[in-house]
Amino acid sequence: MDDDSPEARWGQRTEIPLFAASLVFLAAYATRVLATSVAPFWRGLCGFVLLALWVAFAVDYVVRWRLSGQRFLRFVTTHFLLTIVVVLPLLRPLRIVPLYDVIQRRQGEPRLSLYARVIAYASLSTLLLGFSGALATYQQERGAPGATMKTFGDAVWWAASTLTTVGYGDITPVTRLGRVIATGMMACGVGLLGAVTGSFSSWLMQTFYREGDERPPGK
Amino acid sequence: MDDDSPEARWGQRTEIPLFAASLVFLAAYATRVLATSVAPFWRGLCGFVLLALWVAFAVDYVVRWRLSGQRFLRFVTTHFLLTIVVVLPLLRPLRIVPLYDVIQRRQGEPRLSLYARVIAYASLSTLLLGFSGALATYQQERGAPGATMKTFGDAVWWAASTLTTVGYGDITPVTRLGRVIATGMMACGVGLLGAVTGSFSSWLMQTFYREGDERPPGK
Amino acid sequence: MDDDSPEARWGQRTEIPLFAASLVFLAAYATRVLATSVAPFWRGLCGFVLLALWVAFAVDYVVRWRLSGQRFLRFVTTHFLLTIVVVLPLLRPLRIVPLYDVIQRRQGEPRLSLYARVIAYASLSTLLLGFSGALATYQQERGAPGATMKTFGDAVWWAASTLTTVGYGDITPVTRLGRVIATGMMACGVGLLGAVTGSFSSWLMQTFYREGDERPPGK
Amino acid sequence: MDDDSPEARWGQRTEIPLFAASLVFLAAYATRVLATSVAPFWRGLCGFVLLALWVAFAVDYVVRWRLSGQRFLRFVTTHFLLTIVVVLPLLRPLRIVPLYDVIQRRQGEPRLSLYARVIAYASLSTLLLGFSGALATYQQERGAPGATMKTFGDAVWWAASTLTTVGYGDITPVTRLGRVIATGMMACGVGLLGAVTGSFSSWLMQTFYREGDERPPGK
């Protein structure tokens, strides 16, 4: 992507406010799901905020598509993460990588090392996925007949055991939509394992070669 | 394998119709297992289609063996995937890799990158394995005394938790054949984890070396 | 290890008969555990065979140690696998790697590739560990109060879900010794995952570099 | 870190006694949790020892920070392991890596190979994490209503199934703090899997290249 293209300039200007909006979205959703005892007015307000932000995200998506000058199907493929976070706006904070790029370029700071970025991103994604997934699954399971997930604490505990692929099974979703979300989280758990393992593996390879280089040539 | 050998030419001509046949096989099997309320005539038709397609697959296997001019045991070893999908025809859509090769050669399009191929193949295999495994296990478990897998939705949910090695255990097969299929799926789950992890690991290594190359030589 | 050292020559002569003895050991143990309805005479015979073979394994260990001329503690460290299979003779078929070396050297055949060897060894080890572990755990659990592992089929099913780290939990050991064996099997399961993942990862790396080499130099 | 800096010299002098203190801490904590039938005097003594050692660890931390001359936040980042083991002193034996460095430098012995160090450290960390985690979780769960973790043996068995990501679910924590500790242990289990897999993967890569080098050049 050319840095001076209209699309890139649009991204540079909107990435930060939209990231803030995504955090507001997450907070509004959490309020709506967890704060069951607040007055209906506030719950309605949360619903309105959620809708308004989703419209904003969709407008941003369409503007980026028009600016890119690509066919729609090709845009979807080349902007895979963007498409996912428009469909599932709870995951929009995953856009932290482009946000980091924008901030880092603006301030001219040196980039973190590849490992630091992978580890930081994997950790943040896991926390975000666990929290959003627990919220969304809890909303489905709450009050379902035969549900074992009774409190939000249960939902967080279940999310942790799912994302690490431990899977105790003391608490499991029983509703159809809850299980669909859970399947997505399992797939992310496998990816997370892959990220951790892959990082460790390549760090070890790299350390090995560096140690090899440090030895005297006569060895 | 020489591209002009009789075996290769046979493959080029039969790969596409046999792939279509394998999808019909999967659909007929799914109909037979899931559509329990249809008239006996249609179930019988499905059974007939399954048998006919299996014979077609077996004929293809024998023809390929004769054309290859190899001893049978050697042919089995060198055509491992082909042998598996003849014994377990539900998995025949896994032949999508040779299919892709045939189509790509015919149309002269450039190949996808190694990562794109590994990721696409791992995802498709997982979906196929999950669906076929859920179908086959459900067929065994349905009606077994003490079974926890009561609907096909349960079977799909169980398959997802098995292939990702999460393994909640809220739903588990209790019949002998169901457990044999499940053991095969667990082994595939381990392989899937290996594919995801290995892809990530080598992608990271590659990115690392590329970043290393981009640095100015004075570094 | 020098190929003409007394220890190496002892190994070349004893590896094949001891491997056969290890299979007899496994069969005798399986008979003793599973064939509960045979006459006491045959069970006693199995017990005698087990004892006699264990003595033979121990004698082989001591002879190798004396021939090696090393201090005992050092011998234990450098012959780690040998020490394990003397303490746990059920796992002695794991000595198939030295056996393969002996046979391959005698017949002058070319060695299998590294991947073929790793995959073959990981598969055989998993089968052996699963079978021995299921046998040993079943012997502990059989008849224990509150045991969920009621038949040998249950034990094999439990072993499969443990070695793949799926861990349904529908069947779990409840006795102290059964749990100790299970913990060992979990550790092996993690190692198995590591072997599969590591093989896939390095195969992918290697394929990637080979594809890189195949491209025309002008690329 | 410069070897002659005040901080390094402080580390060289205090690492060994503090490591011994960390083992005493672990023993005192285990006594306090497990020895429920001893006289109150001895339990009080254990509590006093725990408090005194924690103060000693905190003093060491502050001294190292002052000697380093860094701002506090930067010190926390660059001494991540040190910070963790001050907050969770049960894990202080993880400081065995700096201890090994100090001893090895003092005695001038050659270092172990990278793989030996990674494997030894991963094994020791797993044992330590399993033991400490089982102790801490058992302390929370003991006597909680509806707890499935009834004895310390249960806690160790649960810890093994958690750290290997098997996760049977026959025993699971039900208290809030117990689940927080468990989540930390799951994360460590994922890291452990990564370490094992990564080691195996890079060992395989290295063996592959070495075998490649051993072939005659004409190949």
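As written, the chain order gives the labels A, B, C and D, with residue 1 at the start of each chain.
Assume contacts are C-beta pairs under 8 Å (C-beta built on N, C-alpha and C of every residue); 3 or more make two chains touch, one makes a residue touch a chain.
Please read all numbers here as calculations on a predicted model, not as lab measurements.
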item	value
Selected pair, greater C-beta contact count between B-D and A-D	A-D
Same or different residue numbers at the chain A/chain B copy interface, by half rule	different
Matching chain pair for C-D (criterion: over half of the contact pairs shared, by residue number), options B-C, B-D or A-C	B-C
Chain B on chain C, rotation in degrees - Cα superposition, rounded to nearest 5	90
Between chain D and chain A, distance of the C-alpha-averaged centres to the nearest whole Å	30
CA centroid of chain B to CA centroid of chain D, Å	43
Interface hub residues of chain C, defined as touching at least two other chains	165-169, 193, 197-199, 201-202, 205
In the complex with chain D, residue positions of chain B that touch it	165-169, 197-198, 201
Touching residues on chain D, where the partner in the complex is chain C	153, 157, 160-161, 164-170, 192-193, 196-205, 207-208, 211
Residues of chain B touching chain C in the complex	114, 118, 162, 165-169, 172, 176, 179, 182-183, 186-187, 189-191, 193-195, 197-199, 201-202, 205-206
